[in-house]
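Two complexes are shown next, each including chain A; its partner changes from chain B in the first to chain C in the second.
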Partner chain A sequence: MISLIGFSALCLSSIFSCIVLIPKSILQIKIKYFLFFIRSSTFLVCLSFLSLIFAYVTSDFSNFNVFQNSHSEKPLIYKITGAWGNHEGSILLWVCMISIYGFIYSLLSKSLDSFKILVLKIQSSLFIIFCFFIIFTSNPFLVNSVIVEEGLGLNPILQDPALAIHPPMLYLGYVGFSLVFSLAIASLLKTESDQMWVLETQKWSIISWGFLTAGIALGSYWAYYELGWGGWWFWDPVENISLMPWIAGLALVHSLLMIKGEQAIQRWIVFLSILCFSLSILGTFLVRSGILTSVHSFAADASRGLFILLIFFVTTGFGFLVFLIKSPTKKNDLNLLLINKTSALIINNILMMIAVLTILIGTIYPIIIEVLTNTRISVGGPYFNSTVLPILLPGFLLMSVAPVLSWQTNKIKKFRVYVICFLILSLIITIQSYLTTFNPWGLIGLLLGSWIIVGSLISVILRYKFSFTSKYIKSINSFTAHIGVGVMIIGVTYSSVYQKEFNFNMQIGDEITIENQLLKFDEIKIVDQENYQSLRAVFSLINNNGIISYIDPGKNYYPVSKMITTEAGIYHAWLKDIYITLGSETDNQWFIKVYINPLVSFIWIGVFIMIFASIVAVIKK
Partner chain B sequence: MNRAVLITPLMVLTTICLFFLIFILLGKNPNDPPSALLNKSLPIFSSTNLYDNDDTLLSDSLKGNYTLINFFASWCTPCRAEHHLFFKIQKEIPELFILGFSHKDDLGDSKKYLEEEGNPYSFVGIDRDGKIAFDFGVFGLPETFIINKDGEIIFKHTGPLTKKIIDDEISILF
Partner chain C sequence: MSLRFQRLILILLTLIMLGAALLLILFNTKQNIVFFYTPSELLENNIAPDKKLRIGGYVKKSSFVKKSLNNYEFKITDNTNDIVIFYKGMLPDLFREEQGIVVEGLIDKNNNIVASKVYAKHDENYMPASIKKELEKNNQWKKNYK
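So, the complex of A and B:
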């Protein structure tokens, strides 16, 4: 019953969206009714998604999707998140978000009515395309042909709080770019010379970028403690394809700043907007079609690949075609000086585009090679580390001073202060790294990271008078964001360059000393949880003052799906994480891997600062 | 900017899509992740014979022979689907020792299942609590492993076997 409601709501919602698309020449719809149809469509698609959630919550196994992905003994929270823990449900969530973005846009936009209608029409077309994809290839409301009393369960790897909100966050980011896309296409098709769309693009691209950042960070954090590989970024294809729209989005956000210098480089902005959304669909396509092997392969299904490929080709192709035919003709004379803000932003954009291209090539290279030569290769961390990082380095160097550069002139105020501070900082850091373990990458990363922080702080102090007002926070916002990046760079550098790895075989009662701290293997605990059985090795971490903390790495066994997941035990401290994973047991000897990950917390702090800055930037508008 | 530059994105897009299209049409499936256990030694276990309580099989005794290990249960419908294929394997590769594990199943049900479907196994071991399957990292039933003479896992398949898999992947091992 509930499946029927959900499916009808979905169909009705796409019909409403179709009505909206009827050209003016055939049927003149008043703006009032136009908005009514748009909003009802959103309401209906949300109803559809809610009925899917309802089917999950009530464990309605007459729904095939629920039967395949849920189990009555699962905790409530994972019943709810199970709704998007599978292909069909997550695409429904995706469609729902396309519609919601359109809905919110229709409420908030201050553009002319004609422009608004154009944007909403494009947004509706995207909505309809994905609706058809659901209805014809991935219907979550199929009826189960067998009568069963129990479901097959959700992949245990997905039963995790961080992962429960990771897909919605990521999708909010990906799908947000659909609105940016619609705005860009509408700006090409429109007849009025209204410039409102630039401001709107700015707002929506920051929102999407913020969500994408949060989504990627959550996924990364989850990988850090769930996969048990000791790291937080693996250049996994799926990570790469989320990174591409992220970088392109970053380029877009920065290009939009050039309007402040009254040099709207419209063509470039439109191009980036289209690119961001097409990279988002590319990401969805690659994950959903199962073309790339990755930790996300549980979500894969090759048979739907063709359909999404078609969507990807049609949408992106349409975007670029409009871009080709209706390209803005307005001449802009860029005020390019050696080191003014415009030049800095253009350098930043070029670097980011090269980075996107490099990642794109690395990600799809295995596919091209397999098609051409029928051999399977995989492109991994070493390629990306040695290509992408050097591309980004000059950009990082520029970041600290970029916000203080002037639009019109070639001069930086108090240039000498920066130079002196930079030299002092370099000296300190060189000595520091010479006295400790010297590593060239460590030195560069630390220098750049701290320079971004120090440089930004100097700029803030020199340029703005401190006060505890929201105005002050808003005006230093770009520096705040950059400080976040600096903090993250330090975290990334330290945790990757100075990570230490130890292997032990330990018996219960054994003690080992790691970096002046004693690690004692206390016991093995086996506990029956609600939906799994957990095995935990309990370690106590002891220093001179006694026990600091307990660390309990282990494994979970999920009887429903008969799967074992590794759970890393992590002791978080500000300066280092002690990260333990439990291996197998032979003759009462447990194999144990201990990682010392310095400054990992800086990565998450940096991300928080960046998200904070994007929130401030949105409120500012 | 001239048109040549503007047309580049379209051309790049078409090229990429073309490669994806060929890739999908060729039916490549990179989603058979090689098992983490592949090329590793088989886990240590001991198991009682379903038909004889006094007969115990130790993992060490499997060495020196090629062994196929199959986890099945009477409640597992896909197991029924693949079951007849083990007779085919038995016939084609007679030197193969076929070991079946009755996984988390009632012993009576298992016996009844083998009566109905026939018993292709050289030895049927009991894995009542699923501990052996746990050590093998079994993901879901049915699951099949092949062990070489040195006791290393050389093949693993999750889900029911098919004729194609037997011809393409199993037969070539011998």
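So, the complex of A and C:
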């Protein structure tokens, strides 16, 4: 019953969106009714999604999707998140978000009515395309042909708080670019010379980018403690394709800044806007079609892949076609002068595009090779580390000085202060790294990271008078964001370059010493939880002053799916994480893997600062 | 500075950076690519020993031997040929017999593989065999699940 409501609501919602698209020459719709249709379409699709959630919460196994992905003995939160823990439900969430973005835009936009209608029409077309995708290839409201009492359960690896909110965050990011896309296309098609769209694009691209950042970070944090591999980024295709729209979005956010100066580089902005959404769809296609041999690629279905590929070509093709035919003709001379802000931003954009291209090539190279020569290859972490990082290096270097540069002139104020500080900093860091373990990448990363922080701090101190007001926070916002990146670079460098790995075989009662700290294996605890049985090895971490903390790595056994997941035990400290995973057992000997991950916390702090900065940037607008 | 000159510099800069990136990519695609084979392809291709590669397939039923703590031996199969894998280390949680896995490692003279990494595939779907059959009968189970 509830499935029927959900499905009809979805169909009705797409019909409402179709009505909106009727050209003016056939049916004149007043703006009042136009908005009514748009908004009721949103309500309907939300109703549809809510009814899916309702089916999950009430464990209605007459719905095939619920049967496949849920189980009555699951905590409520995983029943709810089960709704988007599978392909069909997640695409419904995606569609729902496209509509919600349009809805919010219709409420907040201060553009002219004609422009608003144009944007909403394009947004509705995107909505309809994806609705068709759901209705024809991935319907979450299918009726179960087998009468069952119990569902199959959600993959245990997805039963995790971080992963529960990771997909919605990520999708808010991906789908946010649909609105940016609509704005860009509408700006090409519009007839008035209203420049409001630039401000709106600015706002929405920052929102999407912020969500995407949060989504990627959540996924990465999940991988850190759930996979038990000791790392947080593996250059897996699934990770790469989320990184591409992220970098393109970053380029977009930055190039939109140039509007602040005298030059409007509209062509480029429109291009990036289209690119961001195209990359988002491409990502979805590559994950969903199963064309990529990824370690964590999800269930694949060729027909879906084909449909998404079609959507990708239609939207991208349409987008770039409009871009080619109707690109803005207004020619504004770029004031480059070589060392001003505009040049820095342009170089930054070029670098980011090259980075996107490099990741794209690395990610789809295996597909191309397979098609051409029928051999299968995999391009792993080493490729990306040795191509993407060197490409981004000059960008990072530029980043530390860029906010200081002026828009108009060639001069940098207080140039000497920066040079002196940079030299002192380099000296300190070089000496520091020679005294400890020297590693060229470690040195470069630390130098860049700390220089970005110091450089930004100097500019903040020199240029703005400190005060505890929101105005102050707003005005130093770009520096705040860059400090976040600096902090993150230091974290990334240290945790990857200076990670240490130890293997032990231990019995209960054994003690080992790691970096002046004593690790004692206390006991094995087995506890029954609501949806799983947990086995935990309890370790106490002891230093000279006594017990600092307990670390409990272990395994969870999920009886519903008969699966075991590893749960890493992590002791978080500001300067290092002690990360333990529990292996198998023979004759009371347990295999233990211990990683010392220095400065991992800096990565998450950096991400927090970046998200904070994007929130401030949105409020500022 | 004239506009044309500025543009020239910008284009040159872009070209230089693109060139550098391309060189990096070309160099690295030669260095950092790992070939992927199924057991049959591996046997057909006569690969020189000590080459790093990936091999994918299913863990053969009742081939799994635990020699000591974290020292394992098992076979990977594609239902026609088998390859013996030696592995020291932690196996992923999803590792089971008859489960699809990918192994990365070095090949030795006898076409055995000394694995350095074992990956098991995550999948949102898994299903008891009895229910799966029922669904296949009703044509609701289209996914390629082995």
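Here is the rule we go by: the second predicted complex is superposed on the first by the 615 of 621 C-alpha atoms of A that agree within 3 Å, B and C clash if a C-alpha of one lies under 4 Å from a C-alpha of the other, contacts with A are read in each partner's own complex, and residues count from 1 in each chain.
Basically, contacts are C-beta pairs under 8 Å (C-beta built on N, C-alpha and C of every residue); 3 or more make two chains touch, one makes a residue touch a chain.
All values derive from a computational prediction rather than experimental measurement.
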Side-by-side fit of chain B and chain C on chain A, or clash: clash
Chain B versus chain C as contact partner of A:T358, first or second or both or neither: second
First (chain B), second (chain C), both or neither touched by A:S99: neither
Touch count on chain A, higher of chain B and chain C: C
First (chain B), second (chain C), both or neither touched by A:F591: second
Touched partner set for A:N531, first chain B, second chain C, both or neither: neither
First, second, both or neither for A:I346, with chain B first and chain C second: second
Touching partner for A:I564 - first (chain B), second (chain C), both, neither: both
Which superposed partner A:V371 touches (first chain B, second chain C, both, neither): first
Touching partner for A:L309 - first (chain B), second (chain C), both, neither: first
Chain A positions touched by chain B in one structure and by chain C in the second: 293, 297, 300, 376, 561, 563-564
Chain A-touching residues of chain C, taken from the complex the two chains share: 1, 3, 6-7, 9-10, 13-14, 17-18, 20-21, 24-25, 28-29, 31-37, 54, 56, 66, 68-70, 90-94, 102, 119, 121-128, 131, 134-135, 138, 140, 142-144
List of chain B residues in touch with chain A within their complex: 1, 3, 6-7, 9-10, 13-14, 16-17, 19-24, 26-31, 33, 130, 133-134, 137-141
Footprint of chain B on chain A - complex, ascending: 267, 271, 274-275, 278, 285, 289-293, 297, 300, 302, 305-306, 309, 312-313, 316-317, 320-321, 323-324, 327, 364, 367-368, 370-371, 376, 557, 559, 561-564
Residue ranges of chain A in contact with chain C within the complex: 64, 68-69, 85-87, 142, 144-146, 148, 152, 155, 157-158, 228, 293, 295-301, 333-334, 336-338, 343, 346-347, 350-351, 354, 357-358, 361-362, 365, 375-380, 382-383, 386-387, 390-391, 394, 505, 555, 561, 563-566, 581, 583-586, 589, 591, 593
